[in-house]
Amino acid sequence: MSTGWSREEMAARAALDIPDGSYVNLGIGIPELVTRFVPEGREFIYHTENGMLGMGPPPADADRDLDLMNAGKKYVTAVPGAAYFHHADSFSMIRGGHIDVCVLGTMQVASNGDIANWSTGAPDAIPAVGGAMDLVQGVKHIYVITQHTTRTGEPKLVERCSYPLTGPGVVSRIFTDLAVVDVTDNGFQVVELAPGVTFAEVESKTGAPILPPA
Amino acid sequence: MSTGWSREEMAARAALDIPDGSYVNLGIGIPELVTRFVPEGREFIYHTENGMLGMGPPPADADRDLDLMNAGKKYVTAVPGAAYFHHADSFSMIRGGHIDVCVLGTMQVASNGDIANWSTGAPDAIPAVGGAMDLVQGVKHIYVITQHTTRTGEPKLVERCSYPLTGPGVVSRIFTDLAVVDVTDNGFQVVELAPGVTFAEVESKTGAPILPPA
Amino acid sequence: MINKMYSSIPDAVADIPDGATVMVGGFGASGSPIELIHALIDQGARNLTVINNNTGNGDVGLAALIGNGQVSKMICSFPRSSQSRVFPRLYKEGRIELELVPQGTLAERIRAAGAGIPAFYTPTTVGTVLAEGKESREFEGRTYVMEPWLKADFALIKCEVADPLGNLTYNKTARNFSPLMCMAAATTIVQTKKRVAAGEIDPEHVITPGIFVNRIVEVPDPVHEDTLIAEGRSYP
Amino acid sequence: MINKMYSSIPDAVADIPDGATVMVGGFGASGSPIELIHALIDQGARNLTVINNNTGNGDVGLAALIGNGQVSKMICSFPRSSQSRVFPRLYKEGRIELELVPQGTLAERIRAAGAGIPAFYTPTTVGTVLAEGKESREFEGRTYVMEPWLKADFALIKCEVADPLGNLTYNKTARNFSPLMCMAAATTIVQTKKRVAAGEIDPEHVITPGIFVNRIVEVPDPVHEDTLIAEGRSYP
């Protein structure tokens, strides 16, 4: 069985699909790695929903400003041309459709574009949603980066999400360790297979009908 | 027949009823004169709805900044501690109930607090409302300064406005050339008569029942 | 490098089509993007719906655009003033349509469009003829009317300083509707008095973040509507 | 002269009563008004409803206020994080109520309260369990839910620079919810790192105009939640 793409390779592959000059919001986890793989000749401007455009890389410890954080509450920097703003303006950018691409991690994504990435729905869990529901409804293109299956081998690409939805019908493209998969009117459609990965393997690890590469 | 209060005296009398530290919006015309009569020991902060708190007096011609105007499109200045903001923030101050006092001119005001000061309703008139309807609905206290009657002697304090309303039941106090009049649950109530003016004269020039000073 | 600068004013407005909805920044003369408006007159797009607080003054800027017969509908709060002659004449002749919107509602409807809010409730106009035909509703014992967002295809904006990413600052009360219109238009076209490099505007002082701006032209010495009118000028 | 400065932190929060709704500025540790929160712990008001994006971290600031049993309900978007222990414990014991509001809706509801907008429509939560019980409606073929304004009796805010009129600036992303909360609270109480005379903040750079601020205390060298936690501190 192949290993498919690494976390870094998944992020790099996603970055390839983001056009030059895009305003991009990155979720926590693998999506954060996208910043390391901006293709040569392209420039992305990063939005962080707590109130900044032009987010830069983490600072050296000595240069930290304790007031300069990203939405994941990690210390960051500002690039030249950055701007600070309050939360209502920040979510106007999101809800108003001004952010081009949001790259999210997920627990499940369904073949109709539904995404579930905020809650397992377990009765004793403390619900916490943050800006996830605003992002999936507002951003123009919702990309997902995720392992194709859970650690226990359950498919994360499914026919219908069993976890509570973050938003219905919002995901357009999924980057997994095994393949790039589009959400189409006909359900999942493999766009590209990771090197050495067969369509049969992808199909067997997907919890919904999936179409082979065209 | 007495002359009652002059325009300046009406403005000065209105200023007396504005507490120290108030945020004040002044309509065009006689209300603008209020700035000249701020009582000793008090400070008002003037809001102009095009986007400024801390509006100061008109500049000398040589000091004019063509970008610094008030809502009446007259050139003004900024006092120390002023702030500029956009129209949505400016009308948040109005609609959100943050402005303490608005002093307006009027065509008619009714004994139930209705005010009509934006349109005669004439079929050939071009309707123009500006911020008047926002102000009367949003500001905490709506004061009116007006001549008691029109130039042709018609009452401006009436039982029901015949002109289209700017807002219903919003006016709390009226400063005319003849008297200070409150709008109460029992209708118009004279609070104070101008020197030499009798209640009988006020009553005869008012188009609605009016109660004498207590 | 991202660079939204255009070197030519005509190029910046070239693709505004007949029938477009165009927001024009400014409150009266303050903040009015005269050079962009005059370029739109030269460009000739017709049957425009224009959103501005007023309808222009004299025979320059917005008044000249209207006077040139390019505007079929105005959405504004105060369509007349001491020096507005063009709109009143066309309106009385029935040659231009007017949607009258109270100033605060106009600002909020524009912001709502930029913020992805399709409708909101406001007390403004309740109990007046301007509430006729609007849906009303009680909240906490008070009546409000529902107002829809107000979008545009293009916005023409004047600012003071811009960087190539589209970060903007304004001068004093010339700010007025402009930051809101930048948010609400599909394509925002800005004339700036001064152009600086990215990073030269303090991130704390940016009024319009660049995400809301598409095209910028430098107009280092812009004319001012009041000056043109005082000089008796007309356009074209 | 108008002067909103208070010389004592305890005096500034003295009248917050039991049962009050209190907005607390900050996003995580950034912009959290620790000194004002600790003064509220000293003051002892109970049965508070607190509005903040989170629920505090460690055993200081907002987490300490909750841990002290003073908060009966939290309204927030993200009540857990790697270092939040107090709220999760009380929540699982059924000793504190939670109203979960998506972050953008939370911000917009607070702004709406400040702007006199009793309700608005948003696409956020449509098709999810968080839309249950909400009124929904179509605009232009898309479904939205109605959300009401969110007001407070008091707001506790941290800023960078303040003048005696209440004009404020913030530091970087410490701005977050604070300008909105200043608008939405009946009484806004601010701690400022630096106090300047009226006029020393450029009118172009004011983020919160003084009209939204009631009381200011100078806290020249504020503690930071992350530092306190790293030092293993708790309060009181």
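To keep things simple, chains are lettered A, B, C and D as they appear, and every chain counts its residues starting from 1.
Criterion: contacts are C-beta pairs under 8 Å (C-beta built on N, C-alpha and C of every residue); 3 or more make two chains touch, one makes a residue touch a chain.
It should be emphasised that the depicted structure is a prediction, and the values quoted were computed from it without experimental measurement.
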| item | value |
| --- | --- |
| Required minimum of steps from chain A to chain B, each step between chains that touch | 2 |
| Touching chain A and also chain C, the following chains | D |
| Between B-D and B-C, the pair with more C-beta contacts | B-C |
| Centre-of-Cα separation between chain D and chain A, whole angstrom | 29 |
| Where chain C and chain D are represented by their mean Cα positions, the distance between them in whole Å | 34 |
| Where chain B touches two or more other chains, by residue | 52, 78, 84-85, 88, 91, 94-95, 138 |
| Residues of chain D touching at least two other chains | 108, 111, 115-117, 122-123, 170, 172, 203-204, 207 |
| In contact (per the touch rule at the top): chain pairs | A-C, A-D, B-C, B-D, C-D |
| Complex contact set, residues of chain B against chain C | 48-52, 65-70, 73, 78, 84-88, 90-91, 94-95, 114, 124, 126-134, 137-138, 164-169 |
| Touching residues (chain side chain B, partner chain D) in the complex | 20-21, 23, 43, 45, 47, 52-54, 78-85, 88-89, 91-99, 138 |
| Interfacial residue positions of chain C with respect to chain A in the complex | 1-2, 111, 113-117, 163-165, 167, 183, 197-199, 201, 203-204, 206, 209-212 |
| Residues of chain C that touch chain D when the two form their complex | 108, 112, 115-123, 139-140, 142, 144, 148, 169-170, 172, 203-205, 207 |
| Of chain D, residues touching chain A in the complex | 27-31, 77-81, 87-88, 91-92, 98, 100, 102-108, 110-111, 122-130, 170-180, 207, 224, 226-227 |
